[in-house]
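Data block below; observations after.
For reference, chains read A, B, C, D, E and F in written order, and residue numbers begin at 1 within each chain.
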């Protein structure tokens, strides 16, 4: 049905830790299949998601360094490349310049799958801002007339990863993936974020909960074990399929 | 990831023609892969979808016979089995007995994919009634305690096929399939419905239109030809996937 | 653009008073234009909307008589015919028999416009039940194969009239009509419902409020006077228009 | 602002276990405050939610007995009364008779708060059926003309408790309660359902997860401890409040 | 359940009059309880909501002065502080600078309740712009790393007050408050807006209408008098409650 | 009911071709009635909708010239005036300056009907950006205090024209118009866009499809011929009507 394009995963993350908690399984699964995975962190999450460091009296630059180091370690645990735009957080302000930088990334990586935040989050305005830029840049990268090197992008599917309070973000998962095999890598990546130890348990529990839903929605006859771990996503564009399944 | 179950397609259709216009491609594709496909027509559409025959002065029984013959020919063109419940149409009245008959079909066929109408249709109350019964029966068939022979059903995905005025039915396709290869069979099945010749063109045009969307959403680099034909579906339960794609 | 059909208005009301408060203006406007208007009251509202009579110790039959008399007087004030199905209220139970009776009314009246309750009302289950039957019967009446005398119905537009707590019923008006000229008739009809005097003021206030919205949405240049009275409706099917306006 | 009515909690549950997993905290909190709490189980969940017993070869009557015993023990642990309608499950068929029985319960208990299932559940048709009957009966019980002993019901608020896959049921919590103090009673009630041990952990995890959201939405300054346990609800009617808070 | 924080109400209003018509009751109730209430008017409404003054030939500066005086008088009648940002209206342009000013207000007032416009208004783009900035600033003020004096904000609930055409703004009230006792203060505040006399009646009628809904949703047994006055709100975040009621 | 205002149609289009495919029928119908119609193209679509020219190696200025020429020819075929803002596309960046230019157009044209893109389009961010500016400018033009020559605008209705993938844009048509009589002019305008020949067929097919819906929703008795051509629109504000029809 299709020409061959090398699979590549692009993850657009507002802050340095988001890609770990929310999409670590999908990233690890891609790299385990030998595929390229690249994470773009638009900011370090230095103001909004580094409460402990601020309470410890660190300076802004120190906090950025800490967060960068942690995120690099987490990306390494997942087998992914990582790039930081250092665009500032709280607020992460959308701009044509940031979108243009993302277009260049799209043209360079030529992703076959894109992951980012959902478009609604009443608890965090940076997340939707990142998602909006990721989507806008994807459209621009498709246009042959857009002034950036490389070939026009195809139409890679976009998946929104899970926010912290999914129901409040109108996050209704329509894709559940089994991440059991790569959960050790995700756990290791989570543990790279040393300041947020309470989150390790929280997101391990969540993986188990989504794993239960994997089993429920796949059916009891399909051999998922009782300790299936899962991640939940919302597919943004219609799926193009050869077979209904 | 899963035990092996023989793939089988179950289609629950309110009237004798619905499965042809709306899902003929998916059915033909399944049988072309060597899979079992079974269509259940809850009614013949004898009152609500046989205007020409009524204008020609046919009796109710004659009309049912005509519709049955046409539907059998269409199913044959698609390589599918067909069963008629003869439950009456306009209105198709839901009942525990009809649902129970459907449970027995589920237990017998053990479908891995289910197709039916969407749950909303302001132009036709039989369509949502059929869908509701198809969904209720699927849930009952999953319960070990339900008194019907056979093994409890797994959790086969359900797809709603396309209604006549999709936007008015809140039908927002999230799966588009390429039916180019099997379109000749679908066309032949359509032509089995001899009284509705104006629909042949209409649904051929629609297949072309959905084909354009297949190409758009798959991306220009993926080698879909310019004459791709498509069908649109709404997946009702979350997709369980091994790979995001 | 169209063949000529005599305009006729059909109103399907769950209880004896609903058509007055919610659609009295539209009914009076139709009859003022010389058009036929027919109201079907599925019940008298004898249990659910006759609190005062119950507190006064009336019997069920007495209450029905009172309600019938009031509703007849109101219909008379609006220039409309009225028919009572006496199907019981609280609950008004949907049934194939009631729907069939409505089909016969459709075939007899051949309405060009249909008014009924909205499909959602968390405060009153009879209202959605009435609306659902009105819609189902309209579809059945369109089918040439449905066994009822008369010609198959065309496709008359359906408008939902305003419920008591519109926001809670997801009632988002998309048609506002000016009832200033016929408001005296509506007021007279309201006053026929002698036991509900507090409602006269309430629905007069509402008419003024909707009148303000008529002016707002029509624009200040269009000469609506400051005492415009209005009614709000939700159009259920797409409008077919010759001119966008 | 209001006359005094003795607080009483009414819980309408489709199956014998639902009230425990989903609302055990709210029930225990009510009885801990000295309030009356009554649970109505429309069925025992004998067919749809007793898989292990069926696999163990129990008869239908044996299964009902087991489920009744477990549910009574759970209600006892929560300090609640319990009544079984034995209306059958899978399917739980709505009927005017069942609704009428519920009206009598409303008139008897005169609840100031009502808990039931949400109106949407693609995995279980009994749950919405129970909710619909609970809501319909509440409206009927408000009508002075409804033939059941007792005073007309007021307007008790209704809360939907949490379904198994909340996002798929469009369950967007708008009330989060702190159940930390009564969690031991809820845990004990869960353990009364001896055949479903895997659920004890699942719903303990869920309580912790909802507890995190209690803390998040209440604010860090409000002194919730790190081991807050919570339950999530959807309020169906507008809240009437004296103070915005 | 919580540490003690002094209650304080913050109201973010796009134009000088909005807080009076839409939230005057809640403000007066707060100050009547001895609580602090502060109103921020982002603009004077000098272009978009001062039609009479423009028709009278006033200059821009004169109009601003008039509006400021009226708003100060209204705030005084309600017992509230008021601050004007003079950011311009029609359009009110969102900017990082305005959001930053609001963050400083949040840190200074430390509100326990926030009131602002709903996020949708097809008739007025300034209203959603104000709401968006109020929400963004609230999130920023929560971050310890945000560079503004004062303690990080907790998680005060946000309520949207009622727009002029609620249904068109998807405004579905989920909180109704009784403002009967403080309605005289609200009326006095309305009368401070001397150029908009037709609005006094309009919003008095609205208060009566919402009062009817207070009674309906609280139940007839709760002793609301027939002249209850109300205001309607939409709660944006889930309510955190100790008791379901 | 209303003062007389000369009818005038204003169309706000993101790119040079949009108004042809999506609204050519409505424009031709207006000018055929002798009404003024003016199209504003915010950009030429030079980057995002001129793939063939880019592949042919044209320069940016050449492409703009080509697109301008085509759009002028199309406007001429429809009898409409056309103005180009040359604001750039892919991305079309919203700005106060562009909105202000649109306000001046509104004040000059004094439209009685406005057409623009829908507010959602996951495939093209320029379309919602254009719609947002068109709507914002309409509101500003209504304010007597807005500094632009001419009289304040009334409240012209706004209609969204059809996007390329309507369901994905939540485009649920609520107005269908018959464009049969003016379809030759629309076809001629389409053919002015010489580089997009495949679109001529696509949008001719779409007109036929929407024509079928015109017939369906108008009813079979109304004399629409079998080759009715249609266009679909979404009305944004409530319709103000004298008669329900």
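Just so it is clear, a contact is a pair of C-beta atoms (placed from the backbone, for glycine too) under 8 Å apart; a residue touches a chain by one contact, two chains touch by 3 or more.
Everything quoted here is computed from the prediction, not taken from an experiment.
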Contact distance in steps, from chain B to chain F: 1
Rotation angle superposing chain D onto its copy chain E by C-alpha atoms, nearest 5 degrees: 180
Chain D against chain C, contact positions shared by both copies (same if over half, else different): different
Length of the line joining the C-alpha centres of chain C and chain F, rounded to whole Å: 36
Length of the line joining the C-alpha centres of chain A and chain C, rounded to whole Å: 52
Chain C, residues touching no fewer than two other chains: 123, 168, 173, 213, 216, 237-238
Topology of the chain contact graph, where touching chains are joined (line, ring, star, complete, other): other
Chain-chain contacts as defined at top: A-B, A-D, A-E, A-F, B-C, B-D, B-F, C-D, C-E, C-F, D-E, E-F
Touch list for chain D against partner chain A, complex: 123, 164-168, 170-173, 198, 202, 205-206, 208-209, 212-213, 216, 226
In the complex, chain E residues that touch chain A: 96, 99, 135-136, 139-140, 143-146, 236-238
Contacting residues of chain E [partner chain F, same complex]: 46-48, 50-51, 54-55, 60, 63, 90-91, 93, 122-125, 168
Complex interface listing, chain E residues touching chain D: 1-3, 5, 7, 9, 26, 29, 33, 112-113, 115, 152-157, 159, 173-178, 213-214, 216-224, 232-233, 235, 237-245
